[in-house]
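Okay, so subunit A shows up in both of these, paired with subunit B first and subunit C after.
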Partner chain A sequence: MATVQPGRTVPAMRARPTPGPLNRRRLLGGAAYAAGALALPVGLAACEKPTDGGGGGGTVTFGSNYSDEVPKKAVAEVLAASGLDVKINTVDHNTFQENITRYLQATPDDVFTWFSGFRMQYFAAQGLATDISDIWQSIGGDFSAAMKQASTGTDGKQYFVPFYYYPWAVFYRKSVFQEKGYQVPKTWDDLKALATKMKSDGLIPIAMADKDGWPAMGTFDYINMRSNGYDFHVSLMAGKESWEDNRVKQVFTLWRELLPYCQPGANGRTWQEAAQSLGQKQTGMYLLGMFVGQQFQGEVAADMDFFPFPQIVEAHGQDAVEAPIDGFMISSKVKNVDGAKELLRYLASAKAQNAYLRSDPNNVATHNGADTSGYSALQKKAVELVGGAKQISQFLDRDTRPDFASTVMIPSLQSFLNKPDDVDGLCKRIESQKKTIFAS
Partner chain B sequence: MIGLLLGLPLLLDLVLIWGPALASIGLSFTSWDGLGEIRPVGLDNYVNIVSNYPPFWPAVWHNLLWLAFLGLVATPFGLFLAVLLDREMRFTRFYQTAFYLPVVLSLAVVGFLAQLIFSRDYGAANALLGRTDNPVDWLGDPSINLWSVLLLVGWRHVGYVMLLYLAGLKAVDPGLKEAAAIDGANEPQTFFRVVFPTLRPVNVIVLVITVIEALRAFDIVYAINRGRNGLELLSVLVTDNIVGEASRIGYGSAIAVILLLISTGFIATYLVQVFRREEDQA
Partner chain C sequence: MSGDRDTQPVGRRNRRPVGPWRVVIRVFLWAMALGWLVPLLLPLYASLRPYAETAAEGYFSLPKTLNFDYYVQAWQGGNLPRHFLNTLLVAVPAVVLTLFFASFVAFLISRRRLPGGRLLLILFTAGNLLPQQVVLTPLYLMYTKIPLPWWMSWPSELVYDSYWGIIAIHVAFQTGFCVFVLSNYMDTIPRELIEAATVDGAGVWRQYWQVVLPLVRPALGALGTLEFAWIYNDFLWAVVLMSTGDKLPVTSALNNLRSVYFTDYNLLAAGSILVALPTLIVFFVLQRQFVAGLTLGANKG
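And then the complex of A and B:
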C-alpha cells in the first residue's frame, strides 16, 4: 500500500516505495473505505451516470496518477462526492510522469494530477496549463502564503491547486532518545555532538540510503537551505547560480563532516532498508519524508518521532521546510473549462481533503481549515512544522529541471557519497553539465 | 507472389528498423525536448557526450567488459560444461537442467535475486561468508558491483551457451572421433582439431548471441539500481535521456547512434571474416 510517493519523481522514480508489507491496520481501513466507496449511490468507478452536477455541467475528465490501490480508491471516493460528472483516467504513477510531456501535448484530460514547484512552472511556462488565478481569488484565504507561492508560475499567475503534502524531517525512535538521554539537536554542532555520543553508544548515528538516487537529495537540500537560505536554493535550482560557487562547495564540505556518522554503503541501500535499520534501533536518526511511516507498524510506528533539520547559520535558522506538495492543474487543451474549475474549487475545499486523508493518512492536508482531529501525533506535528515554516521547498528534483535532476544530480550525489574528498572536481563537473543542459 | 513475400518483410524492415535508425541519426544532431521546436546543433551532442558527461566513458567500458567477460569467460565455460555433459556421465540430465534453469529466468528476475543475495545488510552472501560485522557492499560499491552483476549474467549465459554446444556436440558424427582416435590423436587433440571445427555453425550462433547479449545488456542493471553508480551501460544512458521527463531526445539519440556504431563495428568485422573465409573456400 504505497500510498505516498516519496518526494521525488525523476523518471528513474520507478523506484517508488514498494508496497510495504506492513500497515495491516491501514490496509483494512482502506478496504473498509473502498467498500464504502462501492456502496455509494453514484457508481463512481464507472461514472457513466451524469449527476445533477454543480455549475460546471457536462463531464470533466480527470487524469490521475493515483494508481496505487489506496490512493486510487480514496481519490475516486472524493471525486464521487464532488457532485460533478467526473470521468477518471488512471495511469500508473511512473508511466504518467514519464509521459507527461507527450500527454499534455496530445489529448490531455481537463484536470490532471501533478506536483507543485518547478515541475508545475515548467509546463505552465510552455503554455500547457490553464491560468487559474480566478480560482485563487476565492480560495486564497484558505491556504498559507507558502502554499500560494508553491502554486504560482514564473509569470505570477496561479496554475495549481495544492491537495496534500508530506514534509521531510529527521526521524528517530522516542524510546531510544529517552533511554540514552539524548536531546533533540537544535544546531549543527548539537547534531554532531549527538552523533558522536550515539557512536560511542554503539549506534550508527545516521541512517543513509541512496540506491534509488533521490533520497540523498533531501540531505543536500537541507544543508543547502540551512547554510545558504531558501532563496539561494531556488536560484541554484533554477540554474542561476554557479555550482562552483563557494556556497555550494560549503554544502558538500558540511555534508562531509557528517559522513563519518552515516551508515556506510549508502549507494547500495534502499530507503526501505535504511528505515528498517532505524526501526530495529541499529541506527539513531534518519532524514526522510513522512512516507517513511509506511515501513513501521504497531509499537514501532507509535515510537516514531521527528525533529526539523538543525540550524546551521543563524540567519537562516530552521526557516525552510522541505515538503513536496501534490495537487491538480488544468491542461491548456481543456474541453470543459467551467467544469474543471468547479472541480478544482471543490478539491481545494477542506471537505474534499478531509475525505481524502481519512483514506490515505500518510499525508497532511494543505487547506488551513482541514479537520485535523483525526490526525496521528506525527501528522499533527507535521502540520506544526510546515505551519511554522517561513518557506516551503519542494525537493531537489521538483525544484529544478527534470533532465538536470535525473541525468546530472543523481550520479553526482552518488559519486560524492563514494568519493567525498573531491568536492572541487565534483562541483566543476556539475557546473559544466548544468551549463549545457540549461542552455538547451 | 514472391514479390509479396520478399516485399513485405523488406517493407517492415525499412519501416521498423531503418526508419527509426535513420530518425535517431537525424535527431542526434539536434536539440529537442519533445515539446518545443527541433533545433539543429551540429556535433554539439557528440562533443558533449564524450567530454562533458561523466557516466559516458564508464558506460562504454562496462559494455566492453561485459563483452569480454561473456566472450572469454562465460562462453568457454559453457563449452566446457557441454563437453563434460556430452560424455554421458551419471545424472547428466540433472546437471543439464540445473545449468539451463537460469536461462528461463528473465534478467529482471535475476536482478531481483541479486538483491536477495547481494544486499549489504540483509543479503545471503554476506551471511554465508560470515561478513556481518564488516559487510561487503556487493551492489553499492562501484568497484565491485559490476563483477557481482557479471557473475549473475555469466551464470545465466553459461547455461545458454552450454545448451547450444550440447546440441552441436550431439550432432557430431562419432565416426570422426573414432577416426581421430585410430590415427593416434589424444583427447585434447581430437577435440580442438576435429570436433571443434565441425561445430563452426554453432560457434557462429554463440558468437552472435554473446555480442548481442553484451551490447543490449540493460534489464539486470536497471532492476538493481537503474544502471548507476558503477553499473552504467550505454543502453541505460539512452533510456535515461530519452524516456521520461528528462526528454533530452537529441542527446539520447546521439548516445544511441554511438551504440549503433559500436554494434556495426562488430557486425562488419564478423561479416568481413565470413566472406573472406568463403572466398578462401571457393
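And then the complex of A and C:
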C-alpha cells in the first residue's frame, strides 16, 4: 500500500488517449439534455390536457388508419367540418391493422376506423366495441338492408357505421372489346369461350397477380360464391365448413380450368404490374377491386369498364357482389360517448360522405341519398352493381379470422397458382391448419 | 458482428508473395464484400429513379432519369423530421441512463467485490440471451396497468404509449450487456489505483466518479455508439407499446410511405436510406469505436 503514491494516478489518467466522444462533462451535459428532452413532450402534453368527459361537448379522439396522403387530408377536412372538436391520431394502416387487438385493449381512441363484416363482429363479440343500435334507429332509413346487415354483430346489435365501399369486378378496356367484337360473358362457359378467342387473337386473356398474397383471394371468393352460394361461402369463412368438402375442391377445379388463360408466373407479379398490362392492352380482363383505377389516367381511365363475375350455377346467378366496406366504430373504452355518437351520426350523413368522396374517385358512398352527380361512369356503375346485389361479401381476409387469412390462405393460394394439380393435398393442408387456428 | 471481427486479422496478415491460394481468397473476399454491398447500393440506385421507369424496364436497367425527388417526397410525406425527433427522445436518454446504471453495477461488481457480484454478472449476461419477444405480451399487459400522471403521459396516462415505458425497456435490456463489458474492462484497471484513492480518503462515490469513470472513457464511448445504433434501430418495442401515431420513432415511420393498395418501392428505398443514414454516419465516423466495442472485455488484462 505504501508503495502507491497518490500523485501517480494523475499521469496515468492523462496518459490514456481519449478517443471516446464522451467525457465526464459531456456526459453531464448529455444527462441535462436528456432531462430537457424528456420534459419536452411533457410540456407539449401540458398544453393539450383538455377538459374531457362532461356533457358531450369535449374533444372526441379519432383513431385513423387513413395514412395515405390524399385520404388523410380528405378525412381531416371532413372531420373539421363536423362542428365537433376532433383530435385525429393517424397510424399507418399496416401497423394499425397488426396492432388492432392491443390497441383496442389498451387506450383506444373514442372512434376508430375499421372494416365491416367478420372483422367487426370479431371485436364486437369480444366486448371491445360500443353498441350503437340507437344511432341506427335514426340513420337506418338512409342505408340499404345489406349495409345494415354488414354493420350488425353476431348478437343482432349494430356496432359499425359504413362510410364507403369499393366493389370487385372484372375490368376490361372498352376499345379492345369493341375492336375485336367481344361480348361481355354472362356465364362460365361464355367466359371460357371469350378467353379462348382472346388467346387466338394474341392477347393474354386474364391478368393475374398474387405477389402480395391477397389479390388472388378475390378470384377464390367469386368462384366459391358463384358455384356454392353466399351462405356456404360465409360459413366456410367462419370456419364452420370443412375445406375438404367436395364443394371447396370444386372451386379449385373450376379455377384450374381458367389457369391456362391466365398470365403465368402470377406469384412474382404485383397487381400494379397486372393492371398495367391491362392498360397496355397486353391482357384482356382483370378481376380486381375499384382501386385498380389508381393505376390509370386520362384516356386509359376513360376507356375502363367492368362486368360482374359470370354466373357458374344458375341457382346462385350473379347474386353476390364482393364489396368491402370501410367505416367507423366506437371503442368500448370510449371517454366521450356522447361526442363519439354525435360524430358517427355526422359521418353517416350524405353530407360527410359527399365531402370525402370528392377526393376519391375509386370508392362509392354507402348513404342512399349521397350525391352521385359527380360520380364517374365507373362509380355510377358500381352503385348499380351493389344496389342490385342480393348479398355483399367483404373479401376473404375480412370475412375470416385475419390470422387464418394471412398465415394459411396466402401461402395456400400461392402454392395453388404454382402447382394447381394437387387440389386434394392442398385442401387437406388448409383444413388441418384451419382446425388449429379456429380452435385457439 | 463476427464478420467485423474477422476482418481485423486478415488486414494485419504479413505481406507474402501473391500465390494462387491468395488470389482465390481475394476473389472470395471481394465477392463477399459485394454481396454485402448490393443490398445497400441497389436501393440507393432505385431511389434515384422514378417508379414508372423501373416498372417498365426493371431494376437492373440503365437509368434515363436520376433525381432526388423521392427523397423530398419521403422527407415530407413520411413526416420524417418529427419521427427523427421522437427517436432522439428515446435513444439519447436510454443510452445515457444505460451507461450510467451499467457503470454503477460494473463498478460494484468489479471494484467493490460485491458479495454475489459474479452471480449477478452471470444473471445479467444470461438475461441478454433471452429473446425480447418472450416478454412482449406480459410487458404490454403490465404497461397498460401502470398509471402515470397526465403530465408525464398524455393522453393514455399509463406507461403504455409513453416514452418512459420505451426508455425503461431499452435500459432494462441493454444494461446487461453494458455491465458485462464494463465490468470486464474495469477488471483491467490496476487495483492499486483504487487502493491509493482509498488511502487518500476518497469515498466510494469519489472512487467511482473521479478515478474509475475517467479511466473507462474509451469503453463508454464505444458502448455509447453501439447502444445508440441498437436503440435507434429498434422497431418492435415502439410499435407494440405505443398507440399514438405521431409518437412513433423513425424506423416505424417508413410504413407511412406505403399506401394501402400500392407500395412504391423506389420511394420506400429513398425513405429507408434516409432512415439508415444516421446509423451509417455514426458508424463511419466512429468506426474505431465500433470495432473496439465489439472486442471490449473479450480478454482480461
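In this text, the second predicted complex is superposed on the first by the 384 of 440 C-alpha atoms of A that agree within 3 Å, B and C clash if a C-alpha of one lies under 4 Å from a C-alpha of the other, contacts with A are read in each partner's own complex, and residues count from 1 in each chain.
By our rule, contacts are C-beta pairs under 8 Å (C-beta built on N, C-alpha and C of every residue); 3 or more make two chains touch, one makes a residue touch a chain.
Model, not experiment: these values are computed from the prediction.
Undergrad: Could you tell me if A:105 is touching subunit B, subunit C, both of them or neither one (first, second, both, neither)?
TA: both
Undergrad: Thinking of the overlay built on chain A, is A:323 touched by subunit B (first), by subunit C (second), by both, or by neither?
TA: neither
Undergrad: Output check: A:92 vs subunit B and subunit C. Expected answer is one of first, second, both, neither. What do you get?
TA: After superposition on chain A, A:92 lies in contact with subunit C alone.
Undergrad: See if subunit A has more residues touched by subunit B or by subunit C, and give me that chain.
TA: Here the partner covering more residues of subunit A is C.
Undergrad: Quick check for you: in the superposed arrangement, does A:364 touch first (subunit B), second (subunit C), both or neither?
TA: neither
Undergrad: Which partner does A:273 contact after superposing on A: first (subunit B), second (subunit C), both, neither?
TA: both
Undergrad: Under the stated touch criterion, which partner chain does A:61 make contact with: subunit B (first), subunit C (second), both, or neither?
TA: Only subunit C is touched by A:61; subunit B is not.
Undergrad: Now for A:304: first (subunit B), second (subunit C), both, or neither, which partner does it touch?
TA: A:304: touches no partner chain.
Undergrad: Going by the contact rule set out at the top, does A:418 touch subunit B (first), subunit C (second), both, or neither?
TA: The answer is first: A:418 touches subunit B but not subunit C.
Undergrad: Should A:120 be classified as contacting the first partner (subunit B), the second (subunit C), both, or neither?
TA: neither
Undergrad: Shared contact residues on subunit A, subunit B side and subunit C side combined as an intersection?
TA: Comparing the two interfaces on subunit A, one with subunit B and one with subunit C, the shared residues are 9, 12, 98, 102, 105, 273.
Undergrad: How about subunit C: which of its residues touch subunit A in the complex?
TA: Touch list, subunit C to subunit A: 55, 77, 88-89, 92-93, 96-97, 99-100, 140, 143-144, 150-156, 158, 160-161, 163-164, 192-193, 195-197, 199-200, 209, 211, 213-215, 217-222, 224-225, 239-240, 243-248, 252, 255-256, 258-262, 286, 288-289, 292.
Undergrad: Quick one: which bits of subunit A touch subunit C in the complex? Just the residue numbers, please.
TA: Touching subunit C from subunit A are residues 1, 4-6, 8-9, 12-13, 16-24, 27, 30-31, 33-35, 37-38, 40-42, 45-46, 48-49, 61, 63, 67-69, 89-95, 98-99, 102-103, 105-108, 271-273, 276, 289, 291, 294.
Undergrad: Quick check on the complex: what are the subunit B residues that touch subunit A?
TA: 31, 33-36, 48, 52-55, 119-122, 135, 137-142, 145, 225-226, 228-229, 240-241, 243-248, 251
Undergrad: Which residues of subunit A touch subunit B in the complex?
TA: Touching subunit B from subunit A are residues 9-12, 14-15, 97-98, 100-102, 105, 126, 128, 211-213, 264-269, 273, 277, 402-403, 406-407, 410-412, 414-415, 418, 429, 432-433, 436-437, 440.
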